[in-house]
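First, the structure itself, so that you have it in front of you.
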């Protein structure tokens, strides 16, 4: 039963790549926005917060469609990017973009919650010892929110592994290029007799995500232990 | 442009009802499981954790299909429930179940993160003053994680407002009974020229979710201020 | 009720192995920073489960590794004043104070909130939340919270460390009352000799996770061979009794055959009192000095003489049946030709005795 | 360098309105719990921005509401020892200690880590994380962290409160050295009279958010009309100098025309020293007493006499050009017929002076 | 297309089995590679509107092909109605007796309190055809409140297969392959607009093998594959 066809292997590899990149690329802006939302007051904060949550609220098809309109090669962002050689449409990078955007709210929330849990008194202590805001962030806040970042990243990774609606709407379902595991599963489910094949892929997808989840739990426990101090 | 048809109003009302119930019903088990994952060690913990994340990883159609198989009137859970008069299939309650399950991992993560941020020393202090575990939870942990619960709830609400794949697969789309906003939006997007109609509904959906988001931010800030102490 | 503690535990490099019996009253744990005081208190509270041992109040075991007994903290009826206050940040000060009340049995005597609030001077804080409190305010609320829980065992980990002298002077009598008027055993950590001398029924001195010495306050503080509180703290503890109040504001105490004058003590005649006389406050004279301000000139006999390694010496005296210690220089030992059995006078200023050694003293 | 502080701020019911100038050296802030000490220190550190005022070190303004100057904390080059230690939980003790080093300019004298670690006795903790440290261990690491940041301003909020006497005795000289050998201004909060007397160059007494009194340590502690540390703490601070070391372990000090014998002081002859003589340790005698253990019998003249409301009285004396205070009972005032201008003897035990009043004293 | 000998085909997802087979055979025979991207017709059409690098489009939905043609996005010359299909009424019950689907069919009564599973009746082709058929037979008003609309025909099939809905309307192709459903009857051909899958080469396609592949789809190999999946092949 676990013989995967070369195309399916491709889909596995692509899903992994997409989910990894989506997660990694979303992390820096995710951390930054989470920090801004947790610690700063600025005009438009509520709007930013709303924007971040948008992909959660909209049906994925709508998000995918919006991406297609804006990041497509003829879209207002896609066209100029194409000029400088960056193309998302119908590339795996587009799948990563879609997955990253869909996963973004989950990641930001998790990181934001951990930032809010950091005692500002520790950050103050860092400042009195000469660390500028940025250094305080890097040496105090960041290490203390590592478990939150990890939680955000794993949520994002899981979401990216499962993301389908926005991806297939934005970059279609081209084997070897944009066909991720969920898209492949979807295609199997559209025809008679495809269930067994779909199930195989579901199992693979779940196995990957569970492994990632387990690793993150172990890592997170390690971090927590260090901070608890022994 | 903002004339909604009576059917669309129904969809709006239904979406609100579904999202609210999904969120409310998910809260108690969400808090419980988050607590178990954050504070207890027990065999099968990793499996529970995996199960909770499953709806995130699986394509929504698969989740919907699994729900249909288990909670359908002939499913292993649905059949006995039917005996006692609880039916999910083709009911708004089924939509709420699907939305709740899809939103569950987001909620649990948020709450779990806040539980992990509660200083166990405060809980110990409660215990020394005579509070049993349950009382410590109710009087110390719970009030301290309110912001996390709120964050989890609002994430779940937003997700439930946007959930579509699992819902339509499980309870299909019956106007007035299971047709939520995302289903309606999806339907509009399937036909050429439906974009304008879809947009109207998207705007309504976003407006509702943004309002909820804003309220939660205000509430959460109030809670945080109280705890910071003045 | 007495408290029995015998525990063994090891944390990596630090290992604890102690056993002591705290008689009814107040037992002071002291020892240098890191000697294991908080660890012991946590074990008694049930916040930490030692590798092995037994902890019991009277006959009731709280923990017994051999019999696999383990009473969870919330069943121990504790009043634990933590070294770090640990107030509940989401509750107001009043709610913090009353927290233990929710869980305490409603029967039995209840300390009225108002008394405790007044003693601690936290009335104006009641509606605030702990967030903005000062260090000392926090500490006081933490004391109140523990005391108001109607505990059957009080654990106090340096409860007064963050407080000013005036505030300490207001709170100390409260602990004395608890010690004297209730049967609640109190385990009290303190570094301050004044507190130890004044409060301790019994003293357990810890060193590197072991018990270095244990005994009654009189024994431990009066033993010239141990100076666990530092040389400066050696002193005698006299069990005295108020005999009279003089119109010029002085009170007269009797301890054995001794008569002592001290500044006014707000206790009725007949009340028993503990008086701490620090060795360094006792001057020796070979003839009765005259024309001096010191009011207490006590005939005494040298019973022991111990020369330290430095320039000092500790002289143990018997004065009217009481043991008194005096700290003098070796030079004086030579100049006065001090010997065991010698008759002389111990000279003691009234105000020195009052310094911190007596309950209810009015700081004049 | 001196520190100028003038701030106004109000938190709901509590309002702060203070102005003081801290001369070079160590300025002790004291006052009862909740009087605003931590608030002031936080304002100086830049952790809290008062409604109005000005804070400056020498000519350099850290904060000036009129000129809209606000230097962020990380540019103030601070060494802040927090009342709650605030160690970084994710860093080891060593990393905590060296944290400030990353940001301090590499030029200039650097205190070696080892010295500080040894003074604080935290060598065995270096590789541990703060999580499992005891209260006192935490506090010591916090002291080390602040001192190792090469600060140009030290803020110490009850740094020794959680420590045992022996440990305090080891750390106090370090603060004395900082005070005497560097130009770093130190703002130091303490409730302990011994610390105040020993460390303070200048003292600011706070009450309810205002400055109740300010002056040099000698002035504040020597003024019989104020007893901000409680009556027990009144005392004189003598500016003395080591003149000789005697073979029997005593050291000889000179203050004005006065010669004092005290237990060995580990300073070279010629070193200036501050000696705190508590009023309650000074006995008065109308004729020179003989055959007594006290080594210091100082001819003195009564310059002021102040009867308190209780049974006590404070007598101000001139002894060889020094102001000395003595606390006696009213009964003694009557018995000795004390009057201003009277010639008499102040009797002082060597060990009493040594108690906590002198730097570098070997606790014999 | 990425390479000269690659052809990218956007095809409705319901054609997966047949298209996979055709593409494989095409590759073996010509050495060229047909890359098949399967998704909903609406997604694919929108992607083509946004400039997708596809060469051939096969839609399950005539409306979308019309839209693309109006916008000049396909080579109108090449457009051809490739496949046909039929819609059938199915039941979960294995022993159900076949019925004749005619205006007198008591469909509403047969359903009772239960649901009729269909694809979205205003959005998804199978649903649109089904609704049209019921309307022309005069049955729609009776059953409309009982229709459970799934987002695609496969989901509607699943509702019947699990027994959640006792009856449904799906393509004959899907019904044939699902063992858990019984076909009650086919809708008369004239009760709904013809069910066709139009195919066309895209206007922007720059590979000559696009037309070649479209031809291949109409050849014998493809015909056999399509017929094996139950489609009617409309081209000669």
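Points worth noting:
Labels for the chains are A, B, C, D and E, by order of writing; each one numbers its residues from 1.
Heads up, the rule we're going with is that contacts are C-beta pairs under 8 Å (C-beta built on N, C-alpha and C of every residue); 3 or more make two chains touch, one makes a residue touch a chain.
Please read these numbers as outputs of a predicted model, since none were measured by experiment.
Here the chain-to-chain distance from subunit C to subunit E, counted in touching steps, is 2.
Listing every chain that touches subunit B and subunit C alike gives an empty result. With chains reduced to the mean position of their C-alpha atoms, the one farthest from subunit B is D. Of all chain pairs in this entry, the one linked by the most C-beta contacts is C-D. For the touching copies subunit C and subunit D, the fraction of interface residue numbers used by both exceeds half; the interface is of the same-residue type. The rotation relating subunit A to subunit B, fitted on Cα atoms, comes to 180°, given as a multiple of 5. Centroid to centroid, with C-alpha atoms defining each point, subunit A and subunit E lie 34 Å apart. Each chain gets one centre point, the mean of its Cα atoms, and the points for subunit A and subunit C are 60 Å apart. One inter-chain figure worth recording: subunit C and subunit D are separated by 26 Å, centre to centre, where each centre is the mean of the chain's CA atoms.
Centre-to-centre spacing of subunit A and subunit D amounts to 57 Å, using the average Cα coordinate of each chain.
Shared interface positions of subunit D, i.e. residues touching 2 or more other chains, are given as 11, 84, 132. Multi-chain contact residues of subunit A (touching two or more other chains): 61, 65, 186, 189, 230. Under the contact definition stated at the top, not a single residue of subunit E touches 2 or more other chains. All chain pairs in contact, by the document's touch criterion: A-B, A-D, A-E, B-C, B-E, C-D. The residues of subunit A lying in touch with subunit B in their complex are 46, 49-50, 53-54, 56-62, 65, 105-106, 109-110, 112-114, 116-117, 147-148, 151, 155, 158-159, 161-162, 164-165, 182, 185-186, 189, 198, 202, 205-206, 209-210, 213-214, 217, 224. On subunit A, the positions that touch subunit E within their shared complex are 61, 64-65, 68-69, 72-75, 89-90, 168-169, 172-179, 183, 186-194.
Taken together, the subunit D residues at the contact with subunit C in this complex read 11, 13, 30-34, 37-39, 83-84, 124, 132, 134-137, 139-140, 157-158, 161-167, 169, 191, 193, 229-233, 246, 248-250, 261, 263-264, 280-281, 283-287, 289-295, 308-312, 326-332, 334-336, 347, 349-352, 355-356, 362-364. Contact residues on subunit C toward subunit B in their complex (touch as defined above): 45-47, 72-74, 76-80, 82, 84, 86-91, 99-100, 102-104, 128-133, 145-146, 149, 155.
Listed in rising order, the residues of subunit B touching subunit C in the complex are 121-122, 124-133, 135-136, 139-140, 143-144, 226-230.
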